[in-house]
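One structure follows; several queries about it will come next.
Chain IDs A, B, C, D and E follow the sequence of writing; residue 1 opens each chain.
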Amino acid sequence: MSTSTQTMAQNKQLVMREKNKQSKIAKSAVRGSTLPLVVLIAWQTLGSAGILPAQLFSSPSLIVTAFIDLVRSGEMASHLQISLIRALLGFALGGFLGLLIGVIVGMQKKSEEYLNPSIQMLRTVPLLAITPLFIMWFGFGELSKVLLIALGAFFPLYLQTFLGLRNVDKKLYDVARIMEYSRLEQITKLMIPAALPNILLGVRLALSSAWMCLVVAELLGADRGVGFMIQDARSFMQTDIVFVGIIIFALAGKISDSLVRFLENHLLKWQDSFKA
Amino acid sequence: GCNSDAGKASGESEPVKVSIALNGKMGPLVIAKEKGLFDDEFSKLGAKISWSEFPSGPPLLESLASNRVDLSFLGDGALIAGIDKKLPFEVIAQTGQGGSSVRIITQTDGKIKKVEDLKGKTVGVASGTTGHVYLIKALKAYGLTTDDIKLINLQPDDAQSAFETKQLDAWATWNPYYLNNIEKGNAVALNVKGKILAPGANIARTGFAKEHPEIVEAYLRVYKKAADWQIDHPDEASEIYAKETKMPADTVKKIITSEEPNIFFTEDAIKAQQESIDTLASVGYIKKSFDFQKEIHNEYIDAAFNK
Amino acid sequence: MESTLEINHVSKTFKNDQESILVLKDLYMTVNNGEFVTIIGPSGCGKSTLLKLIAGLDLDFDGTIIVGKNPVSGPSKNRGFIFQEHRLFPWLNVEKNISGNLSLKNPEIRKRVDDLISLVKLKGFERVYPRQLSGGMSQRVAIARALLRNPEVLLLDEPFGALDAFTRTHLQEALLEIWERNKTTMVLVTHDIDESLFLSNKVVVMDAKPGRIKAIVPIDLPYPRSRTSKSFQELRSHILNLLDHHPQDKEDWCF
Amino acid sequence: MSTSTQTMAQNKQLVMREKNKQSKIAKSAVRGSTLPLVVLIAWQTLGSAGILPAQLFSSPSLIVTAFIDLVRSGEMASHLQISLIRALLGFALGGFLGLLIGVIVGMQKKSEEYLNPSIQMLRTVPLLAITPLFIMWFGFGELSKVLLIALGAFFPLYLQTFLGLRNVDKKLYDVARIMEYSRLEQITKLMIPAALPNILLGVRLALSSAWMCLVVAELLGADRGVGFMIQDARSFMQTDIVFVGIIIFALAGKISDSLVRFLENHLLKWQDSFKA
Amino acid sequence: MESTLEINHVSKTFKNDQESILVLKDLYMTVNNGEFVTIIGPSGCGKSTLLKLIAGLDLDFDGTIIVGKNPVSGPSKNRGFIFQEHRLFPWLNVEKNISGNLSLKNPEIRKRVDDLISLVKLKGFERVYPRQLSGGMSQRVAIARALLRNPEVLLLDEPFGALDAFTRTHLQEALLEIWERNKTTMVLVTHDIDESLFLSNKVVVMDAKPGRIKAIVPIDLPYPRSRTSKSFQELRSHILNLLDHHPQDKEDWCF
């Protein structure tokens, strides 16, 4: 086989692989939306047939109408904007602290002994029950909302980081010791890369946790935000709007998931792990 | 909580920051806010409003206890709980008698026609709310107690769901829930003999009221102005509320016209409130009963309107 | 700096939940500054364990190990270690695995890394991740990684085990050259008697269950050595004999 | 050294190690309770000095009194009992399904494509917003409470199992293929053991998630239970009782953590991983 | 059952993000039923890759591989594999690693596992976890694991690489015995020319960049073989010559 035909064959292969990849992505997108579509169609049908009480279940078409109205009036943008800012700030703060304290506790037996039991206790305290403390300390302005969200984002990243570090292979740690990695280098060049699969799962959980904490945070004297919108619509029986809110939350979950998957594909390509 | 540092009452220097909290999306305060009714009175006093909004009483009380709320209004449940807990607020006026804000509604199949029929039936109510108090009183009027019925503790949304799917025979609830269900033909209201009132109240944080009685008085004047405007312009008021709550304007209109706001405490209301207090004390929600009359601080309302 | 190695009455016991196993028993030997020592002995006799003790990776043993003037108190980059398994960082490509915490942006390091990559014959694989390497290639990366740091003492645990004869000879020669140039103290574990004879000043023959030193054979042949010379052959059969001494009569010693 | 002296020395060592171990456990227990104790003392002091308003913050002594009252009256036992049953049932159901579906989705690309996107969307839907659906479908009896809790327990185990399986070393998977492990054997004898560190973290999260969902679940027509107790106390500003509830939740977090740690110590002793 | 192995024009390319590397180029060979073949070649020439293709672990290649009568379509326990790295399951102790999905409660399996543990000289280590094993011990566990399943074709990727001379010889002999008894078709990768001469009917010499077959040398010596016989020595230098053929002139072939 001459080199040129070989190169051609290879090129062809590459082109085919590219196509293949695209068709694969399309296929998996179609598969992914099958279930939601089935649910939507069933919902609309049952709703239109009057089997599902509209009062409780609304229906996809009503929800879409409500959504369009909200978008038209500019309310949606204002709710979304403020909620996004709160969630992102909270996530940034809580996630950063979770990672930081997770690393400290993961690396130092002593800080583990001092801090971890308390953190494990705080972890299960329902946020709903401690909002008074937040109001007392931080008022009901943006600060307390962001802090509450940060608290929600803190735990997943803390736990995953901590566990991730503790699962790092001791054999590799010994290599780093032999090369006299400084403590910082151990963390940044060994522990964090090795724990990355776990940390990324933590990011995924923290992102959605931040988002879910909005519902609680926006109980604290808010007058805008997606969480507020849901609460408010609930107390006036605006089922359509409640569902608009729920769907926004669901989408946020999907988006955060895709985001982290994208990160995983780029940051973890070194992994030689099981891929169904 | 920056109100205390504005202590020098000599209004010129810095504006006094007044935190007014909305409790839900209904009530004359919403109108006052929308129409800017506070602007005049408050700018004269050098006061600046910071608005906040709470979906219900309990988080509002928590904010008040941490000095984050100066002026607001409460329903009877939260009001009683707050006084019982000796939270630092004063009752400065009524909001309304609450004669039509709570009802027991039943399924339309006609199985339950009178209160006695509730015996052994499944009744939904959110524990500790004004609806709960109403239910206890209504039962008591017919010699029944909550032990005679199957009481299910449900928050309004959940109760709505349970009621619509006929898992509840009856539901003690407030507006907009009960009217909404009746309007839609899902429910009928149960007649109860006598009048069971659930009066709400305007409140002021004690520390704030001591320092700035004039602002409290101004607040009451504006509140009354807004209430009067609502009485005089029910259609326009309905429009405002409908926009806020996204409820149909005619439903809103029914709600606001079924009873007029009234900031002056009435004998009936005080009596009703006292009964509620005794009822709650007997079921153990509050530690011990107290005299409601003694908790009312009429000095502000007197100063505001009778000078 | 002095990098003499003194191993004084070193014993090592592994403790499990119930039992404890004596793995090294009363080891005693000295490795002079700049000496090349190989350790040879049956599988499981404690060679790797001994290297780990010398490296300071495990301080829980009886006796003392002195490097230079001071007892070992932990790992140090003055004591390089090529592990028996390659232990590459899976998230780093070949060149970054070699450079480790040293910056490739430093032109000096860059040059030395490139030289080492040529030395271990991995040109063209600089950007490849460990999962894409063959067994022997990984081992060579690990060798380059240890050599980059120019340690005063280099501990090598079967570094050439997965290499073909030619790459092996090539790297043995390279190692000898580095040793002669840098006066590194070398401690190499191997199963290949020829390798130990070809490289070292001294062969430590170990025995198993419990691991102990059976004999220390000085190799006084001049470098470069010929594998076919008569004295080489004689030493080989001598060591072979030493290793072969006991058959399987001690199967049940440990437990 | 004769064998007998050696054995003696070894015995001595063993005894010393036993002692050492005990003193280590004691030490870490002391360290773990330092922070909570400091907080408690500060709280009591500030409370007694009147700096913290009792209506909002109660004080440790008041809380203890409230707690004792609740125990004496038997209320506590009844709240705890029912909540424990609900949480455990919900955890068992949700955890089992999470593990099961996590394994299915983790092992099969196709089921991943069909199910995972939907699950990721459901994950972020705030439970608070969908309780009406539960009432509608499952009534307000124990069923809907248990199901709600199960939903909360489902996601952590699902996510951790899925990720755990996907991080299994492909090299080991190939070994199992060579030995013709059946699909079931692959799952039980390879994937699950290898993913165990992650799965155990999932159990830990699911346990506490189950417990936290009580607060929401016991909004659904409950008249007993720790979640109900908190909600009820909150609406009447019975701060002492709210705090009793919070502390029970915190303890549950700690206990679930210790439980899983115990499991980890036994099930993961094969691990050769970094231990601070 | 027939376990002939036919490798027909097999090529293998690894595809990365940007480039693709041809690792095996047009391999062609036949291994007869019950034959013992060794593969020898420079590090990185594709020996392990070839074994993986034969095992059915990687089906993405050009050409065909036929085992018995059928093309390879996936792994099968008829084709055992001893991997280059030991690949023990870290959560199973030695005996469970060996038994794998076969139940130790079955007395027959139990007995065979115990026999194999004696064979690889790991008596007393039945209950020990992989992290407590030395490199050579792990390798021996992996050998026992593959032998337990009595495969018709056994693929061995440098199985004795980490073993000392004596254990090595012992296991080589054991392997020969098993081969003769069971008529297993053996394909063994090694770097040790003596080993390949001692064991096999046929030595496949491979060359690198891209991996291809350079020569197939039949070894017609009778078993048991003597490492010191003249014909042995001649074959050794023949193969050494074959391997040595090209120096480093092709360094830049691949890239």
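Here, a contact is a pair of C-beta atoms (placed from the backbone, for glycine too) under 8 Å apart; a residue touches a chain by one contact, two chains touch by 3 or more.
Quantities reported herein were computed from a predicted structural model and do not represent experimental measurements.
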item	value
Co-neighbours of subunit D and subunit B - touch as defined	A
Top-ranked pair of chains - ranking by C-beta pairs in contact	A-D
Gap in Å, rounded to a whole number, between the CA centres of subunit D and subunit C	47
Length of the line joining the C-alpha centres of subunit A and subunit B, rounded to whole Å	39
Subunit A: positions in contact with at least two other chains	56, 132, 136, 171, 234, 271-272
Shared interface positions of subunit E, touching two or more other chains	85
Multi-partner residues of subunit B (each touching 2 or more other chains)	62, 65-66, 157, 160-161, 164-165
Contacting residues of subunit E [partner subunit C, same complex]	14, 16, 40-44, 46-49, 84-85, 121, 123-124, 132-137, 140, 157-158, 161-168, 191, 193, 240, 243-244, 248, 251-252, 254-255
Subunit D - residues contacting subunit E, complex	171-172, 174-182, 185, 189-190, 193-194, 196, 269-272
Contact set on subunit C toward subunit A in their complex	52, 55, 57, 74-77, 79-81, 83, 85, 87, 89-92, 100-101, 129-131, 145, 149
Complex contacts: residues of subunit B adjacent to subunit D	57-58, 61-62, 65-66, 77-78, 81-82, 84-88, 124, 127-129, 151-155, 157-158, 160-162, 164-165, 167, 285-286
Residues on subunit D engaged by subunit B in the complex (per definition of touch)	53, 55-56, 131-133, 135-136, 139-140, 219-223, 228, 231-232, 234-239
